[in-house]
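Letters A, B, C and D name the chains as they come in the text, with residue numbers starting at 1 for each one.
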């Protein structure tokens, strides 16, 4: 962890008031933390735009476990990419529906491809790839 | 315009370096301006989430002027809402295609509705509503 | 599950070619499934725009477990909202960093508030709320 | 313009009902047009992800014309890139604020760079790049 800098930011008082209200609504008690989070979120977006960058993300899937061979297909897909899929969690949302979250690590382009293969599987009602970071570089 | 405040923000040196590089790529020469722009963009998003808030936006449309009755329909729609449509600009992109930009002002819900009516017209190849601000409140 | 309809969609051959290539890149082998996924994703977005709608989402957090009292704070927050937090998964990303995924269920406004409280905690390097669905209504 | 295809899409009746309600809210009277618009919007996004692709976009700027030398700077910037900037429209939003919309054409990377230079100028309160298409390839 690098040393801490303290920088000055010039800002209209009115704008600062509005910002303080906005971040309070979002749960922040510390203005510097809110600034840093805005910055880090931009940097995560940027990292994911580079296909070869090493990243980590989560894939959220909601599917009907009654769909014939779907669970088998999802398991098969995951084993094909087992080196990238660090862990998974499975919830029984209801009689019919499952929610599965996978943590996937690898090159941005590979993680997107794995996410695509899972989300596009027939019977998956909804899926999303969430991009995040290994932490080290932020 | 309100008076200027100068606030201190604590930030890791490494993160600050990365932020400085990011904003330089985006054309910023002034770090405070980049911070203020991040804040203002969040506030614009928030304003548009309130249906009754007074806002201004632009609607960008690309369409084929050969499509029968399309120009008439778009003109008709615009006149129905003439009080909200401040101005328009029209470009001949090519032999077939036109690009039209409209500046629309009103309640967020109304501006969205007008944008929807224009973008959904048959023959409009692509349309987008861009949200912005009257400036005063930022 | 409702019965299946078969609808006709008129589309230029060129546009269809481009769509087929796009969905193949994303892993689809079935065009109807790609159409249905586009629709369902729009419906999920719409549901989340209604504060009182019952939804489910995942919160992804990356944080440094060395930050003093952070783990305690995150645990405390989760217990305050234990009725909404269905399950969590925790990974040790590296010597310093943890990735935690929580599945949160409740009114859209509550889920957003819980996510905000977690993501805004000091020491959380990056956090995102991913919106999804209970499945039933899609 | 290519010939029209008519494809069949299999879809649950319930999901179809929800889709029909959604697109009606957005102003569509024709289901095929709504499908085509979903597709075209995805293709526009894809085109803009290729730095060398020829694209067209609009830049919306809101600024205070009292800021010293800002108008001069924006004009200067536009003349530097005059070959890419097809046209502009200027509105006096209020006593203090101007809204300017520019139509910019060129390689995706160049259009983004020009937009960045304009949006990052000190005194520009809010700016957005809206991506669209020449029409021909959709």
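Keep in mind that, in the parts below, contacts are C-beta pairs under 8 Å (C-beta built on N, C-alpha and C of every residue); 3 or more make two chains touch, one makes a residue touch a chain.
Computed from a prediction, not measured in an experiment: that's the story for all the values here.
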Taking contacts as defined above, which has more of them, B-D or A-B?
-> B-D
In whole angstrom, how far does the Cα centroid of chain A sit from the Cα centroid of chain B?
-> 27
CA centroids of chain B and chain D: separation to the nearest Å works out as 9
Per-residue overlap in chain A, given as positions that touch at least 2 other chains | 1, 40, 138
Among line, ring, star, complete and other, the chain contact graph is ring
Which pairs of chains touch, using the document's own definition = A-B, A-C, B-D, C-D
Quick one: which bits of chain A touch chain C in the complex? Just the residue numbers, please.
-> 1, 23, 25-30, 33-34, 37, 40-41, 44, 56, 58, 60, 62-64, 86-89, 91, 93-94, 96-97, 99, 101, 103, 113, 116-122, 124-128, 130-136, 138
Would you pull the chain A residues touching chain B in the complex into a rising list?
-> 1-16, 18-19, 22, 31-32, 35-36, 38-40, 42-43, 46, 137-138
